[in-house]
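Here the chain labels run A, B, C, D and E in written order, and each chain numbers its own residues starting at 1.
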Amino acid sequence: MSLGLSFDLLLGASLLWSGWRALSTPRLDRALVLFIVFGLLMTLTWARLAAPDIALAEAAIGAGLTGALLLDAYGVLQAKRLAAEARK
Amino acid sequence: MTSGLLFACVGAGLFVMGGSGVLLLKHLLRRILAFNLMGSGAFLVLVGMAQRHGIADPVTQAMVLTGIVVAVAATALALALVRHLYRLSGKLELPEAADDD
Amino acid sequence: MKRLVVIPAALFFVLVLILALVDLAPPAFDLRPLVAENLASSGVAHPVTAVLLNYRAYDTLLEIGVLLLALMAILAVSGSPRTTSNTSLSASDPLLAMLGRIAAPVMVVVAVYLLWAGTSRPGGAFQAGAVLAALAVLLHLTGLLAGWQQPGVRLRWGLAGGFLLFLSVGALLLLVEGELLRYPPAHAGVLILLIESGLTLSLGLILAGLFLFLSHDQGGPR
Amino acid sequence: MMIDLAVWLILLPLIWASLAFMAGPGRGARLAIPALGLQLLLVLLLAGTVSESGAIGLAVGGWGAPLGIDLAADGLSVAMLLLTQVIALPLAIYARSYFQVKAPEGRYFWPLCGFLLAGLNGLYLSADLFNLYVTLELVGLAAVALVAADGGSRQLVAALRYLFATLLGSGSYLLAVALIYAAYGTVSMATLAPVITAEAPFVVWLAGGLMLVGLMIKTALFPFHFWLPPAHGGASAPVSALLSALVVKASFYLLLRLWLGPFAGLTASAGLLGWLPATLGALAIFWGSCQAIRAQRIKMLIAYSTVAQLGYLFLIFPLLTSEAALRAGIMQAFAHGLAKAAMFMAAGVLIKATGQDRVDSLAGAAQQLPLTMFAFGLAGVTLTGLPPSAGFLAKWLLIEAAIGQGAWSIAVVVLVGGLLAAGYVFRVLRQGFLLVPAIAADAPSFHPVPRTLEWMALLLAAASALLGLRGVELMELVALGGAA
Amino acid sequence: MTLNEALPLAVLASSLLPGLVIFLLPDAWTGKRTALNLLGAFTKLVLIVILLVGVHGGADYDFHYAVLPGLDLVFKVDALGLLFMSLSAILWLLTTLYAIGYLEESPQRSRFFGFFSLCVTATMGIAMAGNLFTFFIFYELLTLSTFPLVVHRGTDKAMNGGTVYLVYTLTGGALLLIGIIWLHQLLGHSDFAHAGIMADLEATGAISGGQLKMIFLLLITGVGVKAAIVPLHGWLPQAMVAPAPVSALLHAVAVVKAGAFGIIRIVYEIYGIEFAQSLELLLPLAVVAAVTIIWGSLKAFFQDDLKKRLAFSTISQVSYIVLGVALFGPLGTIGGLVHLVHQGIMKITLFFCAGNYAETLGIHKVSEMNGVGRRMPLTTLAFTIAALGMMGAPFTAGAISKIWLIEGARAADMDWAIWVLWTSSLLNAAYFLPIVWRSVFFRAPLAWPAEHLSRYGWRETAWLLLLPPLVTAAATLVTGIFVTSAFSPLAWAQFIAQQEYGPLVP
């Protein structure tokens, strides 16, 4: 087995793992972080697939913007929840 | 096995994982995550299979670029809905059954 | 209950799919030679950009439409303009603010480079637009840029302008050349660069807008 | 010059939608309505061209398949384009009066509506599987946005359900496109049609299955209908009309197109496959009708009726070996489109007038709003399949095709479905005809409603009835380009 | 378009256009509405006279129009259709006059008269239909246009009656539709033609007799609902909640007649009487008709509500027509056809009178009718004449029908049918005579249940209510006495039978 293929195997497994954990981990903040990790792994994958255009887009849009959107939403939801609890 | 085919298979797994997530998960943010996994899976299948003999295929790459943009658009819309729903009702999950009264 | 159906079905499906993928014969058609052959008359040197903005430019046009649509959807969903949640610029870390000030010009330069590079190597309007959007997000996070409320006239023109420019070029070519988005080979390069410049700006604004229109809303549950 | 007609049908709505967005919230009606008139004119010219000189093919960018994207206008697609523009124009005039100045839910109606219509027109014209994916998303996201626009939490929940359903559907479709590309290296329908045969690799069958399921979800075929009633029942009346009359037809059309076009090799070799959508369609008819008969809110009633009526569309799949079935399907699409738009518009008037959404609160409506009740009744006649109406012709064609192929079960389903439809239609009419003494304490009060609203509903309802007297041209158009 | 093609359309338009305009008129415009109604009714009469003369002289009135490729809307005016059309046109005029008097000052008159005109349009379409497809369109249109009339009062009770009416007629319509499409699918068309269109089909051996019997069952069940054949009659007594002019229309002109007319068309011009006989379809039909005749009469006997009694009487009388059709041979045919007209004239008289009692004095029940003959002598006279006609008393229209039916039964060797007819006559007498007796000889109560209209000189009630029943009662006598004149219903029925059976007719 060549070095490239074993790296790909490892990468594929990490993709599946991070994707799975992003859905299944009980804590939402961890899930979001895992999702961003997943996005970065995707970027690597695209690079491995000789698709630098997609890699760039994935880094900027897939992992970056989507991640930022999700984190921002999470932050607001968290803040609201805290505020609501504080009011109680 | 080439890396194209390998990642295509990974993509198949991601697609199915994401699809099941969209169907099964309750929390709306997680559903959005699941939808994104599903999309990434489909993209991987598209590019991976087209490049399973090792040569880059610009057509599928361009398609995936289009797909990524569409996915982020859908994600943003979904987030807007979720955030607004949360503001109105404080809920982050959809009620069990469609209420028909 | 639902799980018992979905999970076995999903596992079965993925297994079947992977088996089917693994022993798939090579495809009957191959577009790569076609892409390469026509690259000379496409106006760009980078095949992906050629596909995106020439061979399948119509897809791209509609896709920008989807993005613009998503932005409008966010505006429509977020409800009537409210007077309350006037986003306060958080008095942020001065160090962060400085970082933002330094990063801003650098990122603009990067965006312009990506746009220009797209004609011959990886890069292009999407990536450049994304960098601009990232800049806006960064400025927002460092407290230098407030979340956006309902857009004013200028912002609306900026958001839709790139799309409308793309659309007009397409329509003009339809009138002149008889086919939607059929560039005359001699002018293809210029026209594509024109479209991409417009798109970079609008995409940057739209992508930033997706974030900033959403994040203006900071109030608790009503 | 003639061939531009089709492309302008896509460009025009995009242009007026963008301009409407630039003009600002709530604006755009004055731009949209003349533009829609122009679109209607274009599609009529296009129909004339196609019926004279046959199907039209266009190579966007001058490349042609497989490298570029092909557009194609044949009888089937022109028929659907025609339906779209015919409904869109009266609907726009209706919407203009419905969303009064600065109504919050109408702020982005015009741009969203323009993108939706562009997506629909693009979908009907596209002959490229991936391009179809983009148009599907355009339609889906615009529809979700329209449902959610400035709605309460009920609408948001409905919109989210709709969004996830539609994303699941287009996701499956996208994976299918990827598989097709993997197997053949092209996404052009014309290129694919001759090479996909019964001996196709298994991946292609999987792709076909994914597309079937994905599009069934998007068309809200039972049991994937769960998202439709809250979404269509919860949106504002013009949006409900747009969604029920047009949007769900798009994915049905695509399914039909794929079934008859690129996948004809597969579907012909598996003769029993058509019974899957047909069985689900029959279940949809029964289940949807029963829910409509039980529904308390009038818009929910109409939305469940959509679930039922969509079922008829799927009954044609086992019969598609004869051309009569295709004609029945298109006639049903027209009948339901026109009538359902009219019905939602009439319901909008009733709701605006009474301020309530319950079937029970309609007593006396026939006295107060005779035009609207008449429009509702006429549309109901079409849905029930009573003559003279397009619905009746659809029923006639469908039963004749079914009997011709010995599929008695389908004929029976159609007849029983018609009776069930009568059940929910006359439930509303009965309530509307009830006389309420004007002095009674609980007598509903009726607010004045712009007459335009009433007349537009009546216009579409009348169209659905009158099509029942002259379907020759439409059927000849469909016959021109059924099986690609 | 030639004149001969345009005439059938003009007949339709003469009630359709006024109807559509009337919908838009405000309720208060009584004068304009009445003028429109009468204009339409008279125009129609004139057109029908033209057609009568034309058809008698052998002219063809044919109009074809493609609705779908291979599916035509066909109008054709023939002797049989004209029989029905003349009846409907004359009675429409009278009923319109009656309704104008009846509905004075009540709400929603424009809607009422609008649907009333549509209803007559549908009847004309049924009469002129040249194929089953066209027939079905107008048959269902009739259902739709009568529903708002049945529920016109807008009460819960009216709604329930209307719902029952719809359930029956729509279900019947569905069965009829499947029969028609089946037939259309086999033949490629469904045109009416003398001596039928099926005989050739079976001769080729492509289609089994069993299939044709099945289609016959579907078709007859479908139209049988409107003809109120037992056991499909359940809607008719329920539909009595409608205002009196509507009941008159339903019973005498439009709905039940449309059903009976459909049976005639199907037996004679789809299957052909000879072929129907060879398939052994006529005897079961005759038996069903006989059962309906007896059962309707029996039920009528037990009703106290006047309109209900009349309703069951209708069920019985309409099946005379069906019986006549089912008696193989020209004499029975003539009896059935002539009864189509005679029953209409007599039954409409009875309903007009019942409406007069209710509207003038608030009388709805037989038991309330004591001595009403002295308060309303003219109405009671008309009622009596019509009732006698129903029994088949000499010098009335009813007698003529009965004689020909009995002769027909004898010629067809179905003596049991004669017994059925006699029994029915006796039962008719048993439920009509006590009413007459009661109203003439019993003492009047001190006060009527609800007296709305008072006496004006010789007029016991509003003249628009009084005139129509007097005219129709007179017609009952005239058609009974001047049977031999050239344009009597009998002469016309003989003309039709001649076309169907050729020179067999005596």
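The rule we apply is simple: a residue touches a chain if its C-beta (ideal position, glycine included) is under 8 Å from a C-beta of that chain, and two chains touch if they have at least 3 such contacts.
Just so we're clear, the structure is a prediction, and the values are computed from it rather than from any experiment.
Asker: Spelling it out: a chain qualifies if it touches chain C and also touches chain E; which chains qualify?
Answerer: For chain C paired with chain E, the chains in contact with each are D, in label order.
Asker: Taking the mean of all protein CA atoms as the centre, name the chain whose own CA mean is closest to it.
Answerer: That would be D.
Asker: With centres defined as the mean of C-alpha atoms, identify the chain lying farthest from chain A.
Answerer: Checked the centroid distances; the maximum from chain A is E.
Asker: With centres defined as the mean of C-alpha atoms, identify the chain lying farthest from chain B.
Answerer: Greatest centre separation from chain B goes to chain E.
Asker: Looking at every pair of chains, which two share the most C-beta contact pairs?
Answerer: Most contacting pair of chains: C-D.
Asker: Indicate the whole-number Å distance between the mean C-alpha point of chain A and the mean C-alpha point of chain E.
Answerer: Spacing between the chain centres: roughly 78 Å.
Asker: Using CA atom averages as chain centres, what separation in Å is found between chain C and chain D?
Answerer: 30
Asker: Cα centroid separation between chain D and chain E, in whole Å?
Answerer: The answer is 43 Å.
Asker: As a quick test, compute the distance in whole Å between the mean CA positions of chain A and chain B.
Answerer: Chain centroid spacing, chain A to chain B, equals 12 Å.
Asker: Chain B: which residues touch two or more other chains?
Answerer: 8-9, 13, 15, 17-19, 23, 43, 45, 49, 52, 61-63, 65-66, 69-70, 72-74, 76-77, 79, 81-84, 86-90
Asker: Two or more other chains in contact with one residue: find those residues in chain D.
Answerer: 130, 134, 137, 141, 144-145, 148, 156, 159, 179, 181-182, 185
Asker: Which positions in chain A are in touch with at least two other chains?
Answerer: If we look for residues of chain A contacting two or more partner chains, we find 53, 57, 61, 65, 69, 73, 76, 80, 84.
Asker: Throw together a list of every chain pair that touches.
Answerer: Per the contact definition above, the touching pairs are A-B, A-C, B-C, B-D, C-D, D-E.
Asker: Along chain B, where are the residues that touch chain C in the complex?
Answerer: 5, 8-9, 12-13, 15-17, 19-20, 23-24, 45, 49, 52-53, 55, 57-59, 61-63, 65-66, 69-70, 72-74, 76-77, 79-81, 83-84, 86-90
Asker: Tell me, which parts of chain D touch chain E in their complex?
Answerer: 327, 366-367, 370, 374, 381, 384, 386-388, 392-393, 395-397, 399-400, 403-404, 411, 415-416, 418-419, 422, 426, 430, 433-435, 468-472, 475-476, 479
Asker: Taking the complex as given, what residues does chain C use to touch chain D?
Answerer: Touch list, chain C to chain D: 16-17, 20-21, 24-25, 27-31, 34-35, 38, 54-59, 62-63, 65-66, 68-70, 72-73, 75-77, 79-80, 150, 153, 156-157, 159-160, 163-164, 167, 170-171, 174-175, 177-183.
Asker: How about chain D: which of its residues touch chain C in the complex?
Answerer: 3-4, 7-8, 11, 14-15, 18-19, 21-22, 24-25, 58-63, 66-69, 104, 107-108, 111-112, 115, 118-119, 122, 130-131, 134-135, 137-138, 141-142, 144-146, 148-150, 156, 159, 179, 181-186, 191, 195, 201-203, 206
Asker: Spell out the residues on chain E that touch chain D in their complex, using ranges where they run on.
Answerer: Chain E residues touching chain D: 23, 66-69, 71, 73, 107-108, 111, 136-137, 140-141, 143-144, 147-148, 151, 153-156, 159, 162-163, 166, 170-171, 173-174, 177-178, 181-182, 184-185.
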